[in-house]
Amino acid sequence: MSIARPSGRAPGQLREIHIERGFTRHAEGSVLVCFGQTRVLCTASVENRVPAFLRGKGEGWVTAEYGMLPRATHTRSDREAARGKQGGRTLEIQRLIGRSLRACIDRGALGERTITLDCDVLQADGGTRTAAITGAYVALVDAVRWLQKRREIARDPVFGAVAAVSVGVYRGTPVLDLDYAEDSDCDTDMNVVMNDGGGFIELQGTAEGHAFRRDELDALLALAEHGIGELFAAQQAALAQP
Amino acid sequence: MSIARPSGRAPGQLREIHIERGFTRHAEGSVLVCFGQTRVLCTASVENRVPAFLRGKGEGWVTAEYGMLPRATHTRSDREAARGKQGGRTLEIQRLIGRSLRACIDRGALGERTITLDCDVLQADGGTRTAAITGAYVALVDAVRWLQKRREIARDPVFGAVAAVSVGVYRGTPVLDLDYAEDSDCDTDMNVVMNDGGGFIELQGTAEGHAFRRDELDALLALAEHGIGELFAAQQAALAQP
Amino acid sequence: MSIARPSGRAPGQLREIHIERGFTRHAEGSVLVCFGQTRVLCTASVENRVPAFLRGKGEGWVTAEYGMLPRATHTRSDREAARGKQGGRTLEIQRLIGRSLRACIDRGALGERTITLDCDVLQADGGTRTAAITGAYVALVDAVRWLQKRREIARDPVFGAVAAVSVGVYRGTPVLDLDYAEDSDCDTDMNVVMNDGGGFIELQGTAEGHAFRRDELDALLALAEHGIGELFAAQQAALAQP
Amino acid sequence: MSIARPSGRAPGQLREIHIERGFTRHAEGSVLVCFGQTRVLCTASVENRVPAFLRGKGEGWVTAEYGMLPRATHTRSDREAARGKQGGRTLEIQRLIGRSLRACIDRGALGERTITLDCDVLQADGGTRTAAITGAYVALVDAVRWLQKRREIARDPVFGAVAAVSVGVYRGTPVLDLDYAEDSDCDTDMNVVMNDGGGFIELQGTAEGHAFRRDELDALLALAEHGIGELFAAQQAALAQP
Amino acid sequence: MSIARPSGRAPGQLREIHIERGFTRHAEGSVLVCFGQTRVLCTASVENRVPAFLRGKGEGWVTAEYGMLPRATHTRSDREAARGKQGGRTLEIQRLIGRSLRACIDRGALGERTITLDCDVLQADGGTRTAAITGAYVALVDAVRWLQKRREIARDPVFGAVAAVSVGVYRGTPVLDLDYAEDSDCDTDMNVVMNDGGGFIELQGTAEGHAFRRDELDALLALAEHGIGELFAAQQAALAQP
Amino acid sequence: MSIARPSGRAPGQLREIHIERGFTRHAEGSVLVCFGQTRVLCTASVENRVPAFLRGKGEGWVTAEYGMLPRATHTRSDREAARGKQGGRTLEIQRLIGRSLRACIDRGALGERTITLDCDVLQADGGTRTAAITGAYVALVDAVRWLQKRREIARDPVFGAVAAVSVGVYRGTPVLDLDYAEDSDCDTDMNVVMNDGGGFIELQGTAEGHAFRRDELDALLALAEHGIGELFAAQQAALAQP
């Protein structure tokens, strides 16, 4: 049985995916990623230093920060810099992005460098964290290529690919890649991060209304696996551009 | 095949679970919960006000805060009050506890009241967030009973029970209820929150080392389901005391 | 005599100016303004409330906030939200933008509403505050048109136009619209905000190296007046689009 | 003449004193101290560094931090970590605890180490600061014994003992060791810290209602001296346990 | 036996006391108080509102804030506003000043008003808190006179007088009113706040080096009582000026 | 035509200027500057360190901080230290003071030292920032003389003099050195910082009501130039005192 998603999409259909490299010019990697109307600018910045706990170990670090422009959303949100702190949701998302991308990095091969992935939401329509992870991977690869071109690193520290998508149970039906209208009216919401070997990196599921059953979980995971496959293809297509 | 867990436990064996009600005297609910050496004090405080976004709607709110005493851990951590802010991990955990407990509350039946669940870790040995959720449920029930005894609410706003446990892949074997030694040396770590109807409320899995496969996920979920069943029994036994 | 500007421009030549309305979809006004490689997203958000000092007076308010994405610059800057406060430069700029735009608003005609102008720098190459003022004017007009279309206000509260440009003495020659390379190597730097009646709204001149003489000031003001004329034309052309 | 204290105690009678060593397992010293219903967990943490102003001088440091769990009190207090700062009362108390314990330490004998005394109130019923000082002394001795057992220090840096008690004028009668009910209804409140040589280390008296006369002060000091004598005995009894 | 105080004063001799009313013009009371080289500006500000806990009770409030200009001291201290918080010492002192002055106020007679006593140290040479209390009393009286002259209050809410002085044991001898040189080299330091009825309002004694004996305490209190008597005279002389 | 200024002054007349050196004793330079009822204490503190970005370059630094006592103004303002941050106006002013004074310093001749100019407003009546700059110059010279007397620097790092004044259009007439009453009722307000070679260091003009025309600007600059000439004379007269 098929439901009518607000977006008119089929249950297993992603929004239109758009990945644009070189969106800004100063960063070593700079990617605008769009999942439909969700637009996130992901930059990768290389610095020749590591956090204190890694100094002198010959290993690098990958970390992420996340932000949302005040009017990326339907109604204006306070600017976190003006409020004087980052909210819990922001910290939670940027920790998730950082862990996800570290899962495809050989920190020894990176050497004593930090790559910071700044993911700033220009326009939000649901799924900003999964778009951010998917785009940040491309920015990370560009930053690593920049290091390789300058011969600063000998070996490619990126192994495999990482992408993410949300899935949820919308009015009883498991659906892929929720937009804001679907997400607001959804019983279960799950963010799935996978690598291109079919392994799970992160799984974060929340029952908003009723608790989800095991069979719903299975259906959601199948949808996610399928959708992330398409995202890997979109990442590779973008990276194949000159 | 069986591995040797550092704790000597069988893969599907919980630590010793201890739930003590009335641990302190001022709070409407006050529970000391121990998962082995992990000890968390969970208090439930009732206040006759709700957050701004709920005012005048006739609904109540359940929220949580989480803290760790500076020397609950092997080495002393800075006091968050002294540093001037709660860290990302703290915020993430207290958001998780709040969402989990709200999943068993009928907010209309609670009326315009807030119940705050303070979960403070006196001693940490892995699994503080799952112990906190499991203990906070008991404190919540005690606070609701207190309201009922004073005839402030007509109908019991708590439906079902909520408990949580961690599972992980330790040296290739899925195991239940990780202690600190196991958690530190673990490839995958997952926190599972369920209700007593067999539904999932929260699922948070992280690949620390290698990404986890679908069959590992299935094994972990089976372990969690089993362990949470025992936790429901421990909660009910505690609540059956006078 | 003519000098060689790093940009190859003539002393009185603006960078390429680009003003794109409707850049994002949620805000009542949303403008991407580019002064060459400097790109600022200016959104105007309408809210039906005013600051405490204006309540009950029947007057509206226009205010501004300014931010810079961490990698808008050559090297990554700390995120102000993560540092826990906005820097002095940020506060100074957002106060300037707010004062400048209030200079073209009839607050009584606006009624008890606040329009917040968020100016976020996506890419910086000098002159971000003058680009922000020039773009924010267009976003402000769009927000007012939105209010008029909904018949929420009777009378147009915007009178005249406001735009801004920087001028400076570069290696002895007064030049218009400094980019980053010129700004870094400049003796005097002045930001000029004018209205389309030829009046000055703000004048902020700083001697970086040697103090500027009165005749240099006169030359700078002439350049600014000329450049701002072109900016008014660009604003009107953008606003004439459907 | 004898008054009826709310607690039923005689004017010069302490509450039941309970000192439990080894309350938690990670800290070098860990003591639960109870003055009646007031319960404070005091841990002593040893670290091999000193504050900047002592570096390279061959001297150690003893410092204290104080906290109160949000529902240690009759009504819930905001969590200081969530409010983003420690209140004036908290800072005042932890400075008092630190000064008091430094009064029995030979900092040269301690060597370049810091011992941090964390005093966290699990349940409050008046006199938390005096209980904290009395318990922290025992935790400090345990931490020093731990250092001696590991042969890290040659000489015992603790000289004498330190304990503290409150005294006050309750309805005209000087009384010892105020509980919350007495403290709230008291004209004068004084905290007295002494060493076991009969010397005063700290004296902090506050007239809540009417100013206290010299003869009242004398009576209060006599009560305090007597009560602190009993506290020294309780400390020694606890330390005599294996 | 007499010792040589660095200041050359006799043991029981105050520094030169100077109290100047009307030092600045905007505040309802404005007093410069000098204890020798220690100079504190004390202003009293009247506002027609009370803290939340007093609203609607018909009672007023007296509170204090304390600050030190960055270069009031021998070496420059960080500005607390720039550091983003008030230190523990500052909070402790301003709480002491507030409590001390509330001890001479009939809050019912004051009505629903707050008088804020700002005590800012222009130059520090020991004893800033006792000078602040002594000067703030005079500013408070002036603010009350201002209210009386405008016929806003019917009855004088100030009863009696409050003043403060420090005493200490300097090289074995009890001395009055320590300056910085004496304070830095002192075994015991005590701040004494009294009213003009001979009652003690606050007593804060700290053993810096060796613990003080009971006979030393008695000698210190006698010195303080004597010195505060002279301070009352200085206050009255200042208040007798037109 | 002449207007009636509230102060009764002629349009081009400064308020009474008073510059008192040695106002406090600890700072290397300490100046009380009064522009009429505006009184600012400017201290110059010498420290043998420089900010991180200058270390090892053999250059010094001059920086400024600005503060206002809570009751320097007609109504009490919150203490910035208590609010936990410096406001935008404060940061803007202290940045202006710092830039202005750096314009007369040869940083190489100063050597690796920082001179901090603390400008604290004891009483405000308009023009606090221009008084601060004018007074801070004198404090800076005194601090440099102190260094020279101790033979710590070989060459005088101060070249020329710096002073500042405000000008504005009051009811249609350009006037010099606005006091608070004039400033509040003024169409244009401009702060002008000049050196004694007739060069402009800073120019900050703001149209409060209507935008100012070019001829008004010319008149304001002429007034400022004249007034600053008198301020240079006052600085020199003060510095000529022993």
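Chains: A, B, C, D, E and F, in written order; residue numbering restarts at 1 for each.
The definition used in the following text is that contacts are C-beta pairs under 8 Å (C-beta built on N, C-alpha and C of every residue); 3 or more make two chains touch, one makes a residue touch a chain.
As the structure is a prediction and not an experimental result, all values here were calculated from the model.
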Chains contacting each of chain E and chain F, listed by label: none
Count of contact steps on the shortest path from chain A to chain C: 1
Option in C-F, D-E or A-C whose residue-number contact pairs overlap E-F by over half: A-C
Chain B and chain E, separation of their C-alpha mean positions in angstrom: 51
Whole-Å gap between the CA centroids of chain B and chain F: 59
Between chain A and chain B, centroid-to-centroid distance (C-alpha), Å: 28
Multi-chain contact residues (two or more partners), chain C: 84-85
Cyclic chain order when read starting with chain C and heading to chain F: C, F, E, D, B, A
Complex contact set, residues of chain C against chain F: 85, 87-89, 91-92, 94-95, 99, 103, 190, 194-195, 197-207, 210-214, 217, 221
Residue numbers on chain B that touch chain D, as the complex places them: 24-27, 30, 37, 39, 41, 43, 45, 47, 65, 67, 69-76, 79-82, 84-86, 90, 116, 118, 120, 122-124
